[in-house]
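To keep things clear, I will list the structure first and then write my remarks on it.
A, B and C label the chains in the order they appear, each numbered from 1.
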Amino acid sequence: MSVDQRGAQEPQGPQVGADEWVARQAHRREYLPSWLGRAQRASERIGWWPRLALAGLAGAVLPSFGLGGFQLQVGIDALVIALLAVGLNIVVGWAGLLDLGFIAFFGFGAYGFALLSSAQIGSAGIHLQAWLSIPIVMVGAAILGLGVGLPSRRLIGDYLAIVTLFLGEAFVEFTNNVAPSKLGGPNGITSIDPIRAFGFQLTTNPGYYYLLVIVLVVTMAVLRLLENSRTGRAWRAVREDPLAAAAMTIPVNRVKLSAFACGAMVAALAGTIYAAQQANVFPTDFDTPILILIYAGLVLGGAGSIAGAATGALVVMVIYDGLLRSPAEAGYLFYGLVLLTVLVKLRPWRRLGVVLAATIAFGFAARAIARAASASAVAGGPGSSGWIARAVRDWVIVPANATVAGNFGFVALICLLIALVQVSSRWRTILLPPTLYLASFVWETRLVTEPSVTRQLMIGAILIVMMNARPQGLLGQRRVEVPA
Amino acid sequence: MKGRLVLAAAAVGSLAVAGCASSSSSNGASGSTSSASASSGGGSGKTCTASVGFEGPITGPVAPLGTEQLHFAELAVSMDNAANKTKITLVQGDTQLQPAQATTVTQQFVSNSSIVAVVGPAGSQEVEAVGGPMARAGMAFISGSATAVALTTGKYPTFFRVVSKDSVQGPQDANYIVNTLHPKNLMIVDDQEAYSTGLVSAMVPVFQAAGVKVDHESVSQKVTDFSALVAKVTPATSVVVLPWQVAANAQQFGRDLAQQHKKALIFGTDGLFSPGTFTIAGSYVSSFGPDITAIPTDASIAAAAQSKYGSFGTFGPPVFAATHVIDEAIASVCKAGQTPSRSNVLAAIKQTSESTSILGQPISFDSHGDLTNGKFFLFKISTSGKYQLIPS
Amino acid sequence: MSFFFQELVNGVTTGALYSLVALGFSMVYGVLKLLNFAHGDLYMVGAYIGFFVIQWFGGAAHLTIPVPLLLLIMFVLAAGVVGGLGVAMERFAYRPLRDAPRIAPLITAIGISFFLESAALLLFGAQYRVYNTAEFISLSSGIQIGSVTIDSVQIMVLVLGIALMAGLRLLVNRTKLGKQMRAVAADREAAEMLGINVNFVITVTFFLGSALAGVAGVMGGLLFNQVTSTIGFIAGLKAFTAAVVGGIGSIPGAMLGGLLIGLAESFVTGYISSTYTNLLVFGLLIVVMLVRPSGLLGQAQLQKV
């Protein structure tokens, strides 16, 4: 029985991992709303493997559209995080084990490759070729994953989360402080060999990009096969109800350990390629903020779905690492997102038109009042650049002392947004224009001038909003948990 | 429904087209450069236009240092634009002190053809990570705080720094301690960052060779509670060496020392140089940067920084010096009638020879990019919390 | 020997601080079975509030009101504002997710934590804010027994911490509200069926837990002096350790856990080396987890079929 079938219309009888009654409810939509859902169903008719091939092809062809060095670097980073998200999906999405120390396996893979392929150990160092060192590192990571998974036998979900969180922290501390002569300490390990195998050597960024696309596609294919095998079904059974699974003769402990080991192997693979591409590893590369990025990607895309994990991670990284690094492009993203949300969410055309017109009018009115009140209230210029700045210059209030006003505006915006969610529809229409204007105000005064903080705010907001609005992510499957 | 779909697609499409059109005219991600001025400027009579990149830890674990560096870089750009009648813009990139992010930011700057030189990155590991890409792009980068010895062994031909390296500062400070303070027992605490551990490994051999008993401890920068560590300071320990980056932590350490009635005095390095934050009387601070408030020629800069950004420490002025070197290089290229590009700015930087600078010393670079005759300044904090320069 | 006692004093003081944060964390877990990763950031917000109160009244060196009044205002304001923030978090982020799969509120909590840290960075700036406690509470005030010094700030932290914990125990064990909290923690649905206003109880629990974190934040600021947007992460981590070691969901467990962690840190730093402090404390946690998975004072969780 394929797990691909979602039960919005007619489920084919009982399925492991999907509550039949839930699935039958017509108003519980498993697909994205409206035309997106139609697109999803259409793409499902194509089949999973052709979709994977298409995605891989698209990824491989992308650089020839004139991607520069920066975009390639962002692409490489995004692909590494996508690989990590796919690995994390095994542990969190399929087996239901909340592993907050996943980044340690990534670090293990990177450091393992670094130690085996650089001048770090011994006088001349070990310089194994990649086809040797990568499997060795992956096996080592699997063993480490088994070791980490051992406490999971006796720990229930939340305890496991904390223990793994500490193990993740312990890894950073370990590599930073212990044996600095062997592990490099805070100086890390530098001058790592590139990936070398049978005379081939990858030294350029485009090379690593293609390698990562190939590795990601192959990993996703392997995991797809695993998903539909006995192991995959055992993982899902253990996630839903460990007691029932044990009663059905599934060796629950062994299954959990195998989930950890598989996730660790994928993470280590990502780590080795990362180490080779960066040519350096440092302890701070494997700290908690990276883990949060992986989780954000997994959550956005949908835990439990391979395609979801990869897609979510790619989207998050492209936005975080690529678009939000420069204020100009961040502006397009911000205004584009706001406009898109308003466009899609406001139902009747009239209402949409009224809200947009009211926002523009409100803006001009507010600015006129502010200018009449005091000249310094509109003395500053918008923080954006390019045509957006020219467009909003006469619309948005930007005081001379932008920072303080922007801060208050930020707090007010959060409060307004929370209020918007709570109130009735009529009040929502009334509150929308001031909220939109306030959003633009906060953007121009504070957020766009500090892109580094803004992108972190965005990651936090993604996690919060996604979990509240659509916990199963973009491509995930909705689950109902029976409380214990 | 269908109409909504069409409208949404049209909105996204028009934004994307506008974005692409605007960015292609400004040569890719150009940050805060306005699209008009990003096209080649310079040349005789016309305004001298270029962009300078700034890489620093603006957020992340050492955000206070990074923002201080950013502020001083911005100050240098604005002052030099006024003095040289140039139109240089600063493009900032946040590295969070992580080498992987520094690589991404570097790629971003390399792809941006209007950026002709880079100030930063701040950490030695980051320099290791970005040295290669910078060299391949032929882009000069000047760091105001990367002090590791390995960086100027010729590996990175486009790297410069306006501060001296650990191998100079470490032994110099250690010898001063041994010869002037005569400790029998000494505690040295590193903060688990490369800067700190580099200095410690340069200092400890000097102490041990002089027969001083050394207690080597280590705490993370994130730790704010030092009471347990301070309790370990024995009455025989007369000096505690703190080669730290965060002055506030050292101030807390000093308070704990006083609270537990320990008589040891603190010897700190550059990170502790922060007249507003670290004020433990009797302490010594060795800094690669002078106290610019005490240098008469820097009075205007210090006043401007103070009024705009509040108190500052030791990481800002070297970045000011680095940015100033780049600005002057760009200005000289324009004066020679050329358009600023990476290669001619790099050549101009190599020829830098400033007789005075914000750092109170001449600036020129040796063949490996090190500052020639970098000085270290030793300060002692008086009972009123003032930093007094100890003449060498 | 006096070295031992000095480390003991230090350990007990910081342990009291960790206990306070762990208490709130444990309480919230008890009623909602939710690991609130944003708890540490509430500590950070409390610390910032204390700082701004000091600045409002003239700054550390030139206070315009007497010190006891200042302390009272700091604690009350921090408790109130941070408690309110916690209530808002529960109301708008966690309540809609009450019946969602367990991972959803956990990820939301991570998101809130990240968001709060970034918001603090945006609103308050990156520079360290320093309390300068020594300016208004002199360093020499305090007790000295032999060569062991106990600072008056440390005494205040200890006394206040113990008082708060005792008050909380009283509340939970002797009052009707406490009984309701215990009922909701035991079985939420059954409590609802018995007529207990579950939403109200959960709101009160969140308020109390967050207020405790806020007060702990002010105390941390007074003890350690520096406040920045990242202190919440470390505080939260220590609180998790303490709560888990002591037995999550158990109030005496949180107190015991906090004390143990504080002492462990102190003695490891003092007798072994500060380099390995964090690693060894993590090791202690793993050992406790393996030997007694539900913590030292926690109850073994029954798995219902």
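The definition used in the following text is that contacts are C-beta pairs under 8 Å (C-beta built on N, C-alpha and C of every residue); 3 or more make two chains touch, one makes a residue touch a chain.
It should be emphasised that the depicted structure is a prediction, and the values quoted were computed from it without experimental measurement.
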Next on the checklist: Quick check: more C-beta contact pairs at A-B or at B-C?
Outcome noted: A-B
Checklist entry - If you average all the Cα positions, which chain's own average lands nearest? => result A
Checklist entry - With chain centres set to the mean of the C-alpha atoms, which chain is at the far end from chain B? => result C
Checklist outcome for this item: Per the C-alpha centroid definition, the whole-Å distance linking chain A and chain C comes out as 30
Checklist outcome for this item: Chain centres from averaged Cα atoms put chain A and chain B apart, in whole Å, by 32
Checklist entry - How many angstrom lie between the CA centroids of chain B and chain C, rounded to a whole number? => result 36
Checklist outcome for this item: Where chain B touches two or more other chains simultaneously, the residues are 58-59, 218, 220
Checklist entry - Got the chain A residues that touch at least 2 other chains? => result 173, 177, 450, 453, 456
Checklist outcome for this item: Residues of chain C that touch at least two other chains are 118, 121, 233, 275, 278
Checklist entry - Which bits of chain A are touching chain C when the two form their complex? => result 92, 96, 98, 151, 154-159, 161-163, 165-167, 169-170, 173-174, 177-178, 243, 288, 292, 295-296, 299, 303, 407, 410-411, 418, 421-422, 446-447, 450, 453-454, 456-457, 459-464, 467-468, 471, 479-481, 483-484
Checklist outcome for this item: chain C residues touching chain B in their complex are 3, 6-7, 10-11, 13-14, 118, 121, 125-128, 130, 134, 139, 142, 144, 147, 149, 151, 220, 223-226, 228-231, 233-234, 265-267, 269-270, 273-275, 277-278
Checklist entry - Hey, which residues of chain A end up touching chain B in the complex? => result 34-35, 68-74, 77, 173, 176-177, 180, 185-188, 190, 278-280, 282, 284-285, 289, 321, 325-329, 332, 335-336, 339-340, 343-344, 349, 385-387, 450-453, 456
Checklist entry - Contact residues on chain B for chain A in the complex? => result 1-5, 7-8, 11-12, 15-16, 18-19, 22-23, 26, 28-35, 58-59, 91-94, 96-100, 103-105, 107-108, 110-112, 124-125, 128-129, 132-133, 148, 192-194, 196-198, 218, 220
Checklist entry - Which positions of chain B touch chain C when the two form their complex? => result 58-59, 61, 63-64, 66-68, 189, 217-220, 222-225, 227-229, 231-232, 246, 248-249, 251-252, 255, 258-261, 277, 310
